[in-house]
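Dropping the structure in here first, questions after.
The first chain written gets the first letter, and so on, giving A, B, C, D, E and F; residue counts start at 1 in each chain.
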Amino acid sequence: MNFILELVVSIFLLIGGGFILVGSIGLMRLPDFMMRLHAPTKATTLGMGGLLIASMILFTLREPGHISVHELLITIFLFITAPVSAHMMAKTALHQKLKMISRTRGQELIDPASQQLAPKQSLEQGNDGVSVKS
Amino acid sequence: MLAKPRFRWLPMPYHSILLFVTWLLLNNTVAPGHLVLGAFLAWGIPMLTSGLSHPQPALHKPIKTLRYALMVLGDIVTANLEVARQVLGPLDQLHPALVALPLDIEGDLPITLLASTVSLTPGTVSSEVSQCRKFLYIHALTMKDEAELIATIKQRYEKPLMEIFSC
Amino acid sequence: MSLFWIPLLPALGVLAPIFSDRFGRTSCAFATAAAPALALLMLLFKAPAVFRGETLIASVEWVPALGMQLSFRLDGLAFLFALLILGIGLLIILYARYYLSSKDSMGKFYAYLMLFMTAMLGIVLSNNLIQLWMFWEMTSISSFLLISFWHNKTEGRKGARMALTVTGAGGLALLAGLILIGKIVGSYDLEVVLQNGDLIRNSSLYPVALGLVLLGAFTKSAQFPFHFWLPHAMAAPTPVSAYLHSATMVKAGIFLMARFYPALAGTELWVIVVTLTGLATLLLGAYTALFKHDLKGLLAYSTISHLGLITLLLGMGTELAAIAGIFHIINHATFKASLFMAAGIIDHETGTRDMRRLNGLWKFMPHTATLAMVAAASMAGVPLLNGFLSKEMFFAETLLQHTLGSLSWMIPVLATLAAIFSVAYSLRFIHDVFFNGEPIDLPKTPHEPPRYMKVPIEILVGLCLLVGIFPAFIVGGLLHSASYAVLGGEVPYYSLSIWHGFNLALVMSIVAMFLGVVIYHNRRKLFKFQSQFPETDAKLVFERLIQCMVRGSVRIQQFFENGSLQRYLFLLFMMVAVFSAKPMLQLINTAGDRPELPLNGIAITLAVILIFSAVATVIWHRQRYISLLTLSVVGLVVSVAFAYFSAPDLALTQLSVEVVTVILLMLALFFLPQQTPKESSPSRVARDLGIAALIGGVFATLNYAIMTRSGISISDFFIDNSKPGGGGTNAVNVILVDFRGFDTFGEILVLGIAALGIFKLINRMKVSMPSGDIKGRNWTKDSHPMILRTVSQSLLPLALLVSAYIFLRGHNMPGGGFIAGLITAVAIILQYIAHGVDWIKPRLKINYQWAIAIGVLISAVTGVGSWLFDRPFLTSWFDYFHLPWIGEFELASAIAFDLGVYITVVAATLLILANLGKLTTTHRPTVEEKR
Amino acid sequence: MEMLFALCVGVLTTCGVFMILRSRTFPVVIGLTLLGYAVNLFLFSTGRLSINSAAIIGSTTEYADPLPQALVLTAIVIGFAMTAFVVILAMRGRGDLGNDHVDGRIPEHSSLSDKERK
Amino acid sequence: MLSFTVIVVSIMVVVALILNLWRLFAGPDLADRLLALDTMYINSIALIILLGIWLGSTLYFEAALLIAMLGFVSTAALCKYLLRGDIIE
Amino acid sequence: MSHLVVLPFLLPIFGGLLLLLPPIQNALNHQRIFAIFTSILLILVSATLLHTSYTQGTQLYMLGGWQPPFGIALVADPLASLLVLLTAILGLAAILFACSGDDETGMYYHTLILLLIAGVNGAFLTGDLFNLFVCFEILLIASYALLVHGGGKHKTQASLHYVILNLVGSSIFLIALGILYGMLGTLNIADMARKLPLLTEDDQLLVKVAGLLLLVVFGLKSAMLPLHFWLPRTYASASAPVAAMFAIMTKVGIYSIFRVHTVIFGENAGNLAFMAQYWLWPIAILTLFMGAVGALASSNLRLLTANMILISIGTLLVGTAIASEQAAGASFYYLLHTTFVSAAMFLIADLISRQRGKAEDRFVQARQMKQRDLLAGLFFIAAVAMVGMPPLSGFIGKALLLQSADSGAAMLWSWSAILLAGLAAIIALSRAGTTLFWRVSSINDEGEKVPTAKLIAIVMLLSCSPLMVIFAGPITAVTTTAAAVLHDPALSVDALLPTITQQLGGY
């Protein structure tokens, strides 16, 4: 029982730690800001989820009769805020017209996006897309 | 469509429930004392803050909401495995793109939820909402086909959200 | 006790002229004269006792800590001086009644005069050294007022300031001297001091004490080289000169020497210093007087000369010389006062005091001329006048002394020389003014002054004659009792008669007369000889000296206080470095005996992050936004460190404060330049790094030394009593709200005041805003991004719930009112960030100012509540209750206290941030238009 | 561990003092904040370092000294109030004096002028 | 086993922190530094949770929760500054 | 149980806070009346406290009911009570003076003054070193806010220096506190005094660092050299009633030096006994010198007054340097005197400025003041008192202090420095007075007449000087007792730590 508990907790911990590390590696490795943004936003957030689940399991099962679910709150909180933070930073990057690597497609959208306008030339394409869908 | 305070003394019922649950989560307990205290706070805090909130479309399908949440959770896990592979793998195989996603969904909360979902799931980060609220600009870490991406998002996330908020 | 009334009456008399001024000049004069007249009468009633050799003393306790009694003493010397002060003072009052013009404020003049009279009486009647000094300095102050009475004249202002500076300086020296004497003797009581002359003279401090006392005396009595202020004090109205420079102010110095004669005189030091000073002054005054064209200037130098003469006499150290000195005090007072008054009449009637223009006045004012000539003759030492008698005694004493050893013969020779000049200038005073041809374009046509203006002169000249002819009868008793007091015992035999036979002294007199006339006759050659020397105006020299001092001061000050904060801070840090490094150099064991915690890689890495971030903050401090980010990392690591080292409360607090601070700094950054220019030179950077590293090194060493030492602490008490005594298991929180709740109360007060102060600062702030960011990009138009808005809104209730949670558990678990307050505040700030001030304002109608007051008041009232139970402020109360179904719960007054903390924190933070935000809202459109 | 802690305090102090000696208000404020961290850590450490001994009665057997923690808490709050004031004062200074030099005027020998001034 | 895992995971987190710090210093843009800081906030939550697991204590939960909340506000404000200059308007 | 001791702290806080709330907050007149009422009440309370502590001995008040050294104790000995009374009187004057207009030029004037008083009183009364820090911060933050009252470039600029310097000072204070707590394990001043001798010689060196750092902190507050630079500009740019109130601020520093360096590092401190003396002597002399230089260099009356404060600080530092009971008593008397007089002088300078047009209080020729005789009279009295000339209070203070120097070196240094600074003061003030009042270019009737409230405030402060002479006996009796209590370990240490069996833990 104790071993299994420890094992489960350890697995979750390792998953969490791994994703956290991946997030930071991405942050370091990826070539432009918009790409770097992906790594921490997703990987780190998930990694945190892993850690928190580990903590939850550990503290709940360690002592009988004691439950520890409050870690859930941090998880929920992170899942609510992380995309918003990412959105704000992406918005900033667009506004500041940060350089994206040259092979990035759709760079012509930077201008309308940073001014919060509709994508002029791609408007027709977009309509096409909708019509295709319907 | 906008939710009006249905009960004067319980201005934000969903919030209240959420707060009540949160209180119990925070305290790791369902002891009677905390039930009372939690109920009190879940009632009192919305009373104080209701003035500070924009009216938002009401949730119409709680069950669907839950199902949506679980689906997103699953996508997050798979998305992350994908991202991990991409981050650790050779970078020159990544083909980032900026995409304008045309929106059918309306309302601040639904759009926000969609944007958040997009940010948390496969290789995309929502970057900007156009002023007319008709387009969501998305940055993709790597994209094969723009139309496919747009279609996936609209199909997988926008549609259920529209159902949830019945708009 | 009636002794008190003698100085007290003139003191009360200060008020008389102020109130009687409006009833006319004569009434004012009479009202003013009443008090001194009464005092004089009372003094005269004491005469028999004094003449019997008694010393009358009256005293009351005043400042025991200073050994200072209010104590008056009347002996012969005091009697003599009091008589002169009051008697001549009354005459001056009468004289001034006619002298002052209707433009002058008579009330003010008389009030100052009375003040001065009080001070003088105080000096001569004091029986306590400190009290004596008190009155001494009062004469400086009141004479300042009198000399500068005509303050619209530059002369008057500068003369008065010079007199004040010189006599004031002397006064300070005197104070030191008197305290020194008091320390030697162990008492400031004059009686005791005078009885312990030998003790003082044998003390090792005697030379210092003597020097300081003499410094006081010499400056006051215008002795060389401090004589220069006196001629410039002549800018005063003539009654003032007549009073101050004949009988009072300048005689105070003489009085001092006479007063301390039994205690200080008789040593070789005394003899040499006093004698030589007197001699120099005597000669210098006499010589210079001859060349003064100003009538009062001549009298001023003559006064200096006569003061030198008296000083010389007191210095010679023989008893008879001292008696001669006292006799000359009387005589000089009478003839000099009358001469000044005569000069005043001449000035008054002719409009000038320049002897080159004043000629042949005999024809215009024969009566005044007669009086002046008699007085001048007395000054010259003409027989049958009082000046002759004391001068004869002076000559006789110069012949008897052996002050200068084998050079003692020089004194009678020089004395005769001085007498020659004294005859010459007296002659000039008579001849040049009243005869010597016709006056040269006088501003007014001279005539005799009003009748009563001459009465004071008549009285004084009468005295000159009477004393000159019947010395023993008129002043015998007075002189004897005064001498008795000065000599502090038996008075040797001396003869007060006109004729002592044909002796060497008489020869000296005759020689002086003769040569005086000769010199005056040949004055033009002498004037010509003198004119080749550049005349140094003491006033100019003095002014230049003062200017020099001021300019030097300005330079010194500007050198040190260049208005540079960096310099001030550097000095502050230098001081810290020196103070803390010096003892550390002596410390033997850096590390103590306490075992250290083992290191681990994670801690090292965190420390590395902290250090790198701190250093990066410094390196990138010119790019302010980046430094803000690195600073945040430092704060984050510090918080983690607090958590790591078992201080969860601190971690929570540090975190929340950190975020609010960063928000605040960002708000500020918007209005400040976003980059710092490079200003420091490399050497400055090196210097600053040096001092910074020194302090850092010392603090680190200190820190290490303390941490590794095992020590004692009162902390166990808090652990033991936290639960039973404070009702909470979180000892930190119990300390905050209970054991040391007073600190916390003060802390929220600080926060509240800071918020009020900041609001005050913001209230009138003019700000300039950048229209674009650091790279010149315009700001986005999307002021409140929709997604942020939507999410923040949902987070608010959640955050409030969390802060309620933190608040409620604080007493037992990490948390508490402060942290809860900051969480609430941050949550609301987020709303401000997301929605903007304009949106929040109508929706959140809280008067933060009131909320701050209420918050602090809640805490205070909770504290005061314990008074109801007869317990001290902030005594806490708690108890456990049981409710069915809910179970046991605790209620504590600390919760109410903490609620006050919570409210204050929320309100203060929001008052600051929300108002800072508002600052731009109104201006913003104009900035946008500019783009 | 103590040595490492002291090293951090020393570095923070050094950085803080150096920044306080700069000529513009913002770096000075940053310096004051850094010095504040150093001081708080210093004050905190006078209760000696210990791990897993938070002063929550009943949570462990050994308790860290709660008193310095309470003192640091007070010091943090006061420091925050003071920092807030000085920050706003710096803004006010820029508004009133036209530059952000701590002396309110840019010394003449400085080759760089306040470019941001409007 | 658990304690060993905790140490390993802690090292992973600390390495992540170092990488973040590198990005914070290297930039190149302000947004990169900001992203690095935001990630450091999250990573320090992880560190504190690990500390709690390591010590078997739940006393550090609030600190983690607070970092999550406050880190978000801080990031939002820092973004707002880059976007608008004025964070409260 | 009597709560008298805590009242001088609480009363102004309640008063100040109620001023922020309706109904008082609504009208300025209500605020004024309430503020005046509060400060009069404060004077009564303080006087009662002084009487109690003088007749019945030191009053100990254990806040929260916790015994010292565990809880915070307020210690109302005669010295603290005397200074509390001084503060109350000064506060009334500052409030009264401002009632005719100065309180309208910015917000919260009366509240801030009252809270400043609370901080000052707290600093005087507390027996706990950390609480002293907190009280310092209260009075400092209130002073920051007051300093900018009225607005204007100069105030902002002076505030920047003042605030930054003091923030650094606060940091140093905390470091010193940390060392003291780390080595002695207590925060109570009396307890520190008791535990210091128990340390080894080596450990005492660390405490010595703390003591010297505290000297820096207190020196910064009291403006001793070379930490005085903030003072002239700060005082000269503050609005008049604020500057007057600030006259007490430097005294808090001096008081703290006396409190800490007499009680903790006093006779019983072994190797550390009076260790600050070594530094205090040169500092005191240099402070006097710079004060004198500053006085001579001053170009306006406010600056001159500020420099006169510097001289008075130097004089008081001489008192601390002599470090004897007698010197302490003398210093306390002088402290009272100089506070009243310099405060009055700041107020007078303001009146003068308002009647001299553009020349304000600068030493240049200008038009004649509308009420020259009145102002000249007030100035004259203040000046005489300030330079320490009889018959006003300065001379007694100075004489007491000179008298207390007991060794030859002490006499030489203290006397020459104090007396020469006095001479410089005479020169400077006589120049100032003659220029301001007598060098008149034109006579016109412009300028406002002195409002009655301002006059009352000044007369109240000025009359303290002659009263201190007339009642010099009883007042010196109090100051002597205050010094005796401070210097008596039985009274200043043992009596404050009642019957505790100390169970001391260790690390």
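By definition in this document, a contact is a pair of C-beta atoms (placed from the backbone, for glycine too) under 8 Å apart; a residue touches a chain by one contact, two chains touch by 3 or more.
Since this is a predicted model, take the numbers as computed values, not measurements.
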item: Set of chains whose contacts include both subunit D and subunit A; value: C, E
item: Neighbouring chains common to subunit E and subunit F, by label; value: C, D
item: Winner on C-beta contact pairs when C-D is weighed against D-F; value: C-D
item: Taking each chain's C-alpha mean as its centre, the one farthest from subunit E; value: C
item: Chain whose mean Cα position lies farthest from subunit A; value: C
item: Mean-CA-position distance for subunit C and subunit A (Å); value: 72
item: Inter-chain centre distance, subunit C versus subunit E - centres from mean C-alpha coordinates, in Å; value: 60
item: Whole-Å separation of chain centres (CA-atom averages), subunit B against subunit E; value: 23
item: Multi-chain contact sites of subunit D, meaning residues that touch two or more partners; value: 20, 25, 38, 40, 42, 45-46, 48, 51-52, 54, 56, 59, 65, 67, 71, 74, 78-79, 81-83, 85, 89-90, 92, 96, 102-103
item: In subunit A, residues with contacts to at least two other chains; value: 18, 25, 37, 45, 68, 70, 73, 77, 80-82, 84, 87-88, 91, 93, 95-96, 114, 116
item: For subunit E, residues that touch 2 or more chains besides their own; value: 10, 17, 30, 34, 36, 59, 65, 69, 72, 76, 80, 82-83
item: Chain-chain contacts as defined at top; value: A-B, A-C, A-E, B-C, C-D, C-E, C-F, D-E, D-F
item: Residues of subunit A touching subunit E in the complex; value: 3, 6-7, 9-10, 13-14, 16-18, 20-21, 23-25, 27-28, 33, 36-37, 40, 44-45, 47-48, 51-52, 54-55, 58-59, 62, 68, 70-71, 73-74, 77-78, 81-82, 84-85, 88-89, 91-93, 95-96, 98
item: Complex contacts: residues of subunit D adjacent to subunit F; value: 20, 25, 28, 32, 35-36, 38-40, 42-43, 45-46, 48, 65, 67-68, 71, 74-75, 78-79, 81-83, 85-86, 89-90, 92-93, 96-97, 102-104
item: Subunit E to subunit C touching residues, read off their complex; value: 10-11, 14, 17-18, 21, 24-25, 30, 33-34, 36-37, 40-41, 44, 47-48, 51, 59-60, 62-63, 65-67, 69-74, 76-78, 80-89
item: Subunit C to subunit A touching residues, read off their complex; value: 773, 775, 777, 780-782, 785, 787-788, 791, 794-795, 798
item: Residue ranges of subunit D in contact with subunit C within the complex; value: 1-27, 29-30, 33-34, 37-38, 40-42, 44-59, 63-67, 69-74, 76-85, 87-92, 94-96, 100, 102-103, 107, 110, 112-118
